[in-house]
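Which chain is which? They are A, B, C, D, E, F, G and H, in the order written, and residues in each are numbered from 1.
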Amino acid sequence: MNRTELKALLDAVGDGRLTAEAAQEQIFQVLSQKPFEDIGYARVDHHRASRQGFPEVVFGQGKTPDQIAGIAERIVAAGHTLLVTRTTPQAAEAVRAVLPDAAFHPLARTITLRQGEPAPGKGTILVAAAGTADLPVAEEAAISADVMGNAVERLYDVGVAGIHRLLAEQARLRSARVIIVAAGMEGALPSVIGGLVDVPVVAVPTSVGYGASFGGIAALLGMLNSCASGLSVVNIDNGFGAAAVASAINHLP
Amino acid sequence: MNRTELKALLDAVGDGRLTAEAAQEQIFQVLSQKPFEDIGYARVDHHRASRQGFPEVVFGQGKTPDQIAGIAERIVAAGHTLLVTRTTPQAAEAVRAVLPDAAFHPLARTITLRQGEPAPGKGTILVAAAGTADLPVAEEAAISADVMGNAVERLYDVGVAGIHRLLAEQARLRSARVIIVAAGMEGALPSVIGGLVDVPVVAVPTSVGYGASFGGIAALLGMLNSCASGLSVVNIDNGFGAAAVASAINHLP
Amino acid sequence: MNRTELKALLDAVGDGRLTAEAAQEQIFQVLSQKPFEDIGYARVDHHRASRQGFPEVVFGQGKTPDQIAGIAERIVAAGHTLLVTRTTPQAAEAVRAVLPDAAFHPLARTITLRQGEPAPGKGTILVAAAGTADLPVAEEAAISADVMGNAVERLYDVGVAGIHRLLAEQARLRSARVIIVAAGMEGALPSVIGGLVDVPVVAVPTSVGYGASFGGIAALLGMLNSCASGLSVVNIDNGFGAAAVASAINHLP
Amino acid sequence: MNRTELKALLDAVGDGRLTAEAAQEQIFQVLSQKPFEDIGYARVDHHRASRQGFPEVVFGQGKTPDQIAGIAERIVAAGHTLLVTRTTPQAAEAVRAVLPDAAFHPLARTITLRQGEPAPGKGTILVAAAGTADLPVAEEAAISADVMGNAVERLYDVGVAGIHRLLAEQARLRSARVIIVAAGMEGALPSVIGGLVDVPVVAVPTSVGYGASFGGIAALLGMLNSCASGLSVVNIDNGFGAAAVASAINHLP
Amino acid sequence: MNRTELKALLDAVGDGRLTAEAAQEQIFQVLSQKPFEDIGYARVDHHRASRQGFPEVVFGQGKTPDQIAGIAERIVAAGHTLLVTRTTPQAAEAVRAVLPDAAFHPLARTITLRQGEPAPGKGTILVAAAGTADLPVAEEAAISADVMGNAVERLYDVGVAGIHRLLAEQARLRSARVIIVAAGMEGALPSVIGGLVDVPVVAVPTSVGYGASFGGIAALLGMLNSCASGLSVVNIDNGFGAAAVASAINHLP
Amino acid sequence: MNRTELKALLDAVGDGRLTAEAAQEQIFQVLSQKPFEDIGYARVDHHRASRQGFPEVVFGQGKTPDQIAGIAERIVAAGHTLLVTRTTPQAAEAVRAVLPDAAFHPLARTITLRQGEPAPGKGTILVAAAGTADLPVAEEAAISADVMGNAVERLYDVGVAGIHRLLAEQARLRSARVIIVAAGMEGALPSVIGGLVDVPVVAVPTSVGYGASFGGIAALLGMLNSCASGLSVVNIDNGFGAAAVASAINHLP
Amino acid sequence: MNRTELKALLDAVGDGRLTAEAAQEQIFQVLSQKPFEDIGYARVDHHRASRQGFPEVVFGQGKTPDQIAGIAERIVAAGHTLLVTRTTPQAAEAVRAVLPDAAFHPLARTITLRQGEPAPGKGTILVAAAGTADLPVAEEAAISADVMGNAVERLYDVGVAGIHRLLAEQARLRSARVIIVAAGMEGALPSVIGGLVDVPVVAVPTSVGYGASFGGIAALLGMLNSCASGLSVVNIDNGFGAAAVASAINHLP
Amino acid sequence: MNRTELKALLDAVGDGRLTAEAAQEQIFQVLSQKPFEDIGYARVDHHRASRQGFPEVVFGQGKTPDQIAGIAERIVAAGHTLLVTRTTPQAAEAVRAVLPDAAFHPLARTITLRQGEPAPGKGTILVAAAGTADLPVAEEAAISADVMGNAVERLYDVGVAGIHRLLAEQARLRSARVIIVAAGMEGALPSVIGGLVDVPVVAVPTSVGYGASFGGIAALLGMLNSCASGLSVVNIDNGFGAAAVASAINHLP
């Protein structure tokens, strides 16, 4: 139960849509949860949603399919929505053995299982990507943003080498509340987009490239040095991180 | 005239607070301005406010006092608010010779001159700094955010080596709409703050440190790798950039 | 026979608990050992314990299972305790074929076989880890410290993004004589712990992370630049090295 | 006498515009020059024009005013055009004491003195610069290209943060035979220009920026990783080098 | 239809070799093509040739054989010449299943299928390589330049450690219109060649080497710092990029 | 009042050497101090000694002489011992204007003023330095360790290029309880010393060197990669940090 | 036939040990060889021995077994001694299929086949290695030096963490004419050896290590910054290169 | 008295040119010297010549003129030849105040004062430099080699951009016993020279350059990756170090 959800609950009481007793019960249920659950190889944090606006997200890299399935089970059992990032088909299979409703998104390398309706964001998050190779990162951002309760639009393959394709989409750029831009190689796309809009732009460098791209360093430096204003940066390939920033912005009251 | 100001104008017409003629005059004045003015060593961009929500900001580094004064004069003559960053007492003197109302902020190394009332942000931007040496960057952020129409609070000298000083201020952290965190050396403060709140955190690494701080690289990498969610990063020492991101967020309707 | 063990022996003679003859025999046995033993692909150092307080440790990386088994056999034959680090299940199998009592610790990737009772450390070494992915390094430190004669406690999954979990454990932090802290990504945990205690903190950066973590560089730089005092650093992923430092401190008379 | 000049001379003989004797005399004069002249602190290369299409250029950095004046005198005495790069007002004064016709270009930090008419390039070299701070490098390129016999146009202050200023100049971009693009910070301008034209683009990163621009590395990497085709790169701040490449292209028959 | 082809068409009308109707039909066909075609995982750009002088090139790295075959089919169906770089035998097989005339060049790791006759370049592009290990990059450049309509010559295994082999080939060096030089390790070959000729030299560093070559950084830095003039650089291992630069130069009217 | 001092006080009460009233008064005085004092440009932390074993240390770099004098005055007024590091003769003069008893150590660039007797360490801290140029860092460590209540010995100019000078001092090395080793250039001295002793070694790389020493990186990497056990590392030039680690070790009960 | 061999031949004529005719025949045979032989994928250089003192060496990395066998056959057919470095058991098998007398050295990863007696070096080359993991590089150096006609001694496992093992071998160190020292991790061994002798020391850093060894960078920097004189460095893992330097020194008349 | 001088002395006794008494006296005098002399800020090593073949050299960087003069006085008083490197005119003045015969070499930034005749090297050391800006480093090498008893030749301004100037000097290159090559920027000269000779080449990268030369890193990497054999490298700008290597080689019996 995050801040927005709590407020909605109290409003419902204020409006008479909910009895104080029902509200008390719901809040009590959250309070009676253990703040975290120790399952040996991890401490599953059940109060994360209250503190950070979204339940604990499982970072799949370096965990076995069984470990991921085990953590996923605890999160779902506690009534939370499930999001696993940087995972594999093997892990998805293990998760679906215990949670048949879980969905695997191969391009985004994520597993999701929604429970309940998340507090809705105020506007749309537009996820732009420079090239086809940036799609795994862009999709990780889009899926994550979606599961966090945001309306998401995609604008892919609009790299600066063919700037006319981007300029044709200015209306879509302007109608977004936050824009996530994933780009590898020279990482120039966020600068160009940042110069066209006045909403916050979250730039996520990708490790796409070769030679002097140095696994995303070129794109990262390009974005940090952008002369466009309103632009901030997350770690290389961190699509989920970009979504978390964008969702935090989009959920501001 | 940025998006918010245009909307306010049209609302005033709708409410009958302003005649259509007066509104037409104001809009006409903006439209009749040249989009930019060529003064030899620079092209002063007079439509920046319409596109980006704030007039062109003068980046003082590498410009002579006379050049800065010249650009400042054009900006003020066009009716815009003036903000000069990364500047010097000498430049401030040159600016005040032609614009006696301009204010110089020595710690922040900025010059400001407000004209008209900027569109107000919705909430408060809290600017936190880890140590005394981070204050020039934090103050650049605070002054910039203030002049862009945001309510600004400051929370200084709360580095992680004395974590209790920070924890005592959780209420102030939670009441902000956006938080800017400036930190040098190991750059751990944004991670800790990011774990305590659910609003967006803009981390700005500073070049404060020595030895293996490598002019801010250590802090930059620390922030990019933060496991706290909702946290994005701007360039080393870029206090103004952090303010621009925070203000864009704070001005979302 | 290290310094502590020699002193204990002489004290026993002084106290009359041991005859001079028995002591002489024990010391003679050590002196009559060859200082090192040449087995072709390595020179096994049999006097290391006297000089450094612990017998030669086998660094498993880049050695074949047969080589490791061969060296292990010589060390055990000389009456020393065995510790193999950075090794594999295959090597463990080869070692157990010749030394059936040897134990393999899969998470820590170490093989151990105790012989005799090591000189006990004075207090407790607490091994803290930021996240699940840091456990292999933390366990290498814990197993190594244990086999060197130290009481070891573990405090895992207490990263700074959920600072309350760490703060709840201040009593355990304060009761330790030395603290080892393993952390990857931004590596902020040692700074936070260092600010809470007055005992020495040995920070060990791990290569856990992606993108701009650069294989542990981000964590390493964060730790070197820590503003907490009493904190020193060992190489990335060097759990054994951290244990050796902590044990040297814990065995000071 | 470079390849183009030699061909012009022989054509003139073929056309009867020049007697064989006069041509012989001119060629003889070149051949009778010493290939280089040793003046102690330098060997002035008098055959460079024949081999490389332009006389030896004096790289001013790290030379005293007297040394520069001495070398300049020898070059001019041999009948060559003078170009000194990366120099200072003090050096210009020393040069003008012995060569009163020499011109100093303070922004470009170059000294020039034309002798004779250089072989003309076939088309126009357009020199574009992203921001005001890039002008010293852009001007070094423009002055150098001009003195090498090229028609030069300038297009300054067209950085990607205000892409409309650049797009308005597409006609000028398309009419050039070669384009030099100087940009610092994120260095995205060459990528954008490269996507708009089919002529060769020579990108020159500048050291303009701060923080994570690392003295031009960010711009350099951005340019090397550009996904625009027909784009090649020279060293950071190497305006002269860019001009030499562009002039070699522009002088191809 | 690129600039050169359009001019040839109009010349043919002017000369009476082609009726205006036939020309109109050809131009119309191009104009009636969609500017790009969306096939889900990519937007195939059909106007690239008009804008950049060569149809869209398929960068094979990170694409599946099926994706490559799908894109290749669209390009060929639109009447364009096909060039796939950084690809594999598996992809070649998939392409040849749908386009039996496509050719695979294993050393160059490219797939080609010519359609129509490209506009011919004015002179010869010489591709030089320092050692045997640089051949994949050199061949990618040679095949790419050839398919773009350039006469290509090869000069391989002429590294600076045996400078006499290079000097014996000065005539071939001088007869080229543009020279591409691929070299790894210390990357000195472009400097030496650049000192011998007055035509543009495009240097392409390769990742050949070990130890302190750092995957081509040593060669890249060597080339960027070359004191030879007329030399510019492309990304590490970017043979195609070098060919695109050289072809743009060679197709200047 | 740190842990050791508190214990001494309580022991004195237990032994009857001090009345409970006197002890209560002393403890009360500490408790009644403000935890920190806000003087505008800094918050002076008066409880640091209780938490970390030593009062707040003034890091002089980047502070004006007046600021340093102001902070020093507050610390001394609160009854604490003063230690200012990385300072200047000008700052020392300003401090002595208000605190005439303060001592300036020019080589160590530190200012000290003892108040009361610090809790004594158990053994000796030996400070070793490789060369003359490392003395400022070594002396910063030595002065800091001394003022923290440790017996300090110095062993200077014993670099590995003349290993016999070091070997002649093995007795002194062995009699220390902790060893601090400062070395620049290749930074090999800590490895050699670490191989000779069984006590903890704190290695502090210095920025002494040129060329490929990269301001201390070579020494830092050398120390982190040391194969000697019991060795940990602090930041480049961080003499104070090394002393804090060594003192924490030396004050363990 | 290198310089030394030519001199020996002429001396033999001078001494009457060889008739002028026989000498003429031998010299003629060399002169009548082609300077290099083009076999498609390589130009085998048959005059390398005359120019550099040793026949062309085959760098095996990145060549197929068949290519290596093909080149090896040509070298042996021309009467030269064969040396293949950085090769594999598969390549050795392919070579032995055509050259049954060739020897494979698995630890050194080299193939050799001696033909004739190389000119002998004047003294002994001592190859020292810090640890077991450095042996592949040390053995590459030893085998290479041996096949080039040098007397070779080995001194392995003498790293600085057990300095007494090295000091016990000072006599062997002093009796060498050149010393090659291979070391990874902190790379301190060459500094220590360099301080003990007055003969040239060739340091070869190895990529042995982990974490902050960065694949040999730590060792490389340590060696370049060594304060010992008479010490020079070759590339990381370049055992052959070290042997070539040492052999060139050892063959000076 | 180094090894060569001792041998010469004993030979003289053997030949009857010197009485045993005189030899005994000379040897005694050396033995009766203190091995080092402690003058507070330095320990002057008087036995260095015996161990390393040349007396202690004073590294001037970071020492005051007075300190340098003090150390110089002790060295000369002990009968040794004086060599101070990386020094200044101020230091030279201070040295000449106490040692009027000392010579200052401004370009090489060294001070020398010969005492006695050094043991002569066997051949000539050739010092080559790529450009004028490399002369300070080349001269440091030349002066140092000269004072160590070597015949020195200079070959300056022969960079690879004008390769014919170098090729014209092949006879001089071949007549040297060792070659030192100083080069900045791309650092290609040692590779080219290394391919022309069979004697050892000592490459010294210089910090000459700008932009991506990174203070000599480009040249250093180029030299380490050279494919020429017989080439080793010293630290950036380390002219003295190159001379020490070359002299050690040239003094081999």
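As a working rule, a contact is a pair of C-beta atoms (placed from the backbone, for glycine too) under 8 Å apart; a residue touches a chain by one contact, two chains touch by 3 or more.
What you see is a predicted model, and the numbers here were worked out from it, not measured in a lab.
A.B. asks: What's the fewest number of moves from subunit E to subunit F, given that each move must go to a chain touching the current one?
C.D. replies: 2
A.B. asks: Among C-F, A-D or F-G, which pair gives essentially the same interface as G-H, with more than half of the residue-number contact pairs in common?
C.D. replies: Equivalent chain pair to G-H in C-F, A-D or F-G: C-F.
A.B. asks: State the pair with the higher C-beta contact count; candidates are A-D and E-G.
C.D. replies: Top pair by contacting C-beta pairs is A-D.
A.B. asks: Subunit B and subunit G are the same sequence; what rotation (0 to 180°, nearest 5) superposes their CA atoms?
C.D. replies: When the C-alpha atoms are superposed, subunit B turns by 180 degrees onto subunit G.
A.B. asks: Sort the other chains by how far their Cα centres are from that of subunit B and give me the top one.
C.D. replies: Farthest from subunit B by mean C-alpha position: G.
A.B. asks: Just the number, please: Cα centre separation of subunit C and subunit E in whole Å.
C.D. replies: 56
A.B. asks: Once you find the CA centre of subunit B and the CA centre of subunit F, what distance in Å lies between them?
C.D. replies: 40
A.B. asks: Would you pick out the residues of subunit G that each touch at least 2 other chains?
C.D. replies: 162, 195-196, 211-213, 217, 220, 224-225, 229, 235-236
A.B. asks: Each pair of chains that touch: what are they?
C.D. replies: A-B, A-C, A-D, A-E, B-C, B-D, B-F, C-F, C-G, D-E, D-H, E-G, E-H, F-G, F-H, G-H
A.B. asks: What residues on subunit C touch subunit B, complex-wise?
C.D. replies: That would be residues 130-131, 159-163, 167, 185-188, 191-192, 194-196, 209, 211-214, 217-219, 221-229 of subunit C.
A.B. asks: Report the residues of subunit E in contact with subunit G in the complex, numbered from low to high.
C.D. replies: Subunit E residues touching subunit G: 132-133, 135, 157, 162, 165, 208, 210-213.
A.B. asks: Which residues of subunit G touch subunit H once you look at their complex with the stated criterion?
C.D. replies: For subunit G paired with subunit H, touching residues are 2-3, 51-54, 57, 122-123, 177, 195-196, 198-200, 202, 220, 224-225, 229-236, 241-242, 244-245, 247-249, 251-252.
A.B. asks: What residues on subunit H touch subunit F, complex-wise?
C.D. replies: Interface residues on subunit H, with respect to subunit F: 36, 41-43, 45, 48, 61-63, 86, 205, 207, 215-217, 220, 235-238.
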